[in-house]
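Before I ask anything, here is the structure I am working with.
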Amino acid sequence: MYIGKVIGTVVATKKDNRLIGSKLMIIQPLNIELLPIEEPIIAVDTVGAGIGELVIIVKGTAARIAAQKMESPIDISIVGLVDEINI
Amino acid sequence: MYIGKVIGTVVATKKDNRLIGSKLMIIQPLNIELLPIEEPIIAVDTVGAGIGELVIIVKGTAARIAAQKMESPIDISIVGLVDEINI
Amino acid sequence: MYIGKVIGTVVATKKDNRLIGSKLMIIQPLNIELLPIEEPIIAVDTVGAGIGELVIIVKGTAARIAAQKMESPIDISIVGLVDEINI
Amino acid sequence: MYIGKVIGTVVATKKDNRLIGSKLMIIQPLNIELLPIEEPIIAVDTVGAGIGELVIIVKGTAARIAAQKMESPIDISIVGLVDEINI
Amino acid sequence: MYIGKVIGTVVATKKDNRLIGSKLMIIQPLNIELLPIEEPIIAVDTVGAGIGELVIIVKGTAARIAAQKMESPIDISIVGLVDEINI
């Protein structure tokens, strides 16, 4: 699991039918000081995350589990909103 | 999921039989400013993407789901055409 | 499998229901000289690891096996506490 | 899928029994200008590739699908010979 | 598949029960000139590899196949001893 920030959305009209209804959010990966690391990626929202929110994302099969869409071509999903990071 | 641009195609006459009929597109991964990041990779087209189009790609099992060919040796697929990136 | 050190925890109140009860630990990946490498990541604890402890982590499906929660959106877990590194 | 060039072979007499009969080729990953990128890796040949040939490789479960050996510990395979790269 | 050298072992008394009996070896990833690349990782031995030996490792599900422990939280395993690298 990785920490990121929702910084936008992607609109794709022509896409795999099984992605219809999945909100595609642009996520800026962050380190634990909340500084950007790596390039932004696209994740399916599963918890109602809004722009600017800190989120936890997962990759691979875990992303389809999160979306409860095992037959959808999803490889990254948001699974939670970060309330606190305790170091 | 990742953003990329279709920049070409690969022709492979001698290949796994289960790849016959799958169009192999060369994808330049892009960041959200649409600048190139990383080296190009090869993805199976599942949405009718053309050269120059912005696409969303997925990796791993999600790529076989996208292609609806779970028994084909595919690890990256195009799953949608990008209409808008809203930051 | 990779070596890391538990350096904190993440609190996420709004999250996938199947993550309830899973403790989310912040792990600093370390090399075998125990120096930090890469940015910290978040792992589910499965062995009762505490802050400051050296741990072994796994990624992907192995992380769900470790958590004994195959239907939970987990992609990194702690699977052991490091007693000795013998070089 | 990724482009590479077959640059050698690896001989391993003592190995997992399920790898017997799988030819282990050393692959130099290439970019689309056919310049080397990253360090060479080892892939199972599934198409009769020879030294010096340009090939397409896949990773993960796709590699076991390519080898038609789902119960063999394979994580990278050659799935085709590259005839043309059209940019 | 990747080439590495066994450079040590890790002892973990408190760990997932399903790892009991699996020998955890520290592997230094090597390139084909046998020079170190990347940081060492931990792999389960499945072929009786000793310290200083050159080995082939696999990652992901292939690692559990190698260990013949599909229900064990393993993500990297040794699958063979390297006799020769022919370039």
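Order of writing sets the labels: A, B, C, D and E. Residues in every chain begin at 1.
Operating definition for what follows: a contact is a pair of C-beta atoms (placed from the backbone, for glycine too) under 8 Å apart; a residue touches a chain by one contact, two chains touch by 3 or more.
In this text the structure is predicted, and so the values were computed from the model without any measurement.
Note: centroid distance chain B to chain C, computed from Cα atoms, is 32 Å.
With each centre defined as the average position of its C-alpha atoms, the distance from chain B to chain D rounds to 20 Å.
Annotation for chain C: residues 60-61, 63 touch two or more other chains. Viewed as a network of touching protein chains, the structure reduces to one closed ring of chains, two contacts apiece. Each chain touches the next in a closed loop, which from chain A via chain C reads A, C, E, D, B. Put simply, chain B touches chain A in their complex at residues 1-3, 31-32, 37, 46-48, 56, 58-63, 65-66, 77, 79-87.
By the touch criterion stated above, chain E contacts chain C in their complex at residues 7-16, 18-19, 24, 26, 39-44, 60-61, 63-64, 71-76.
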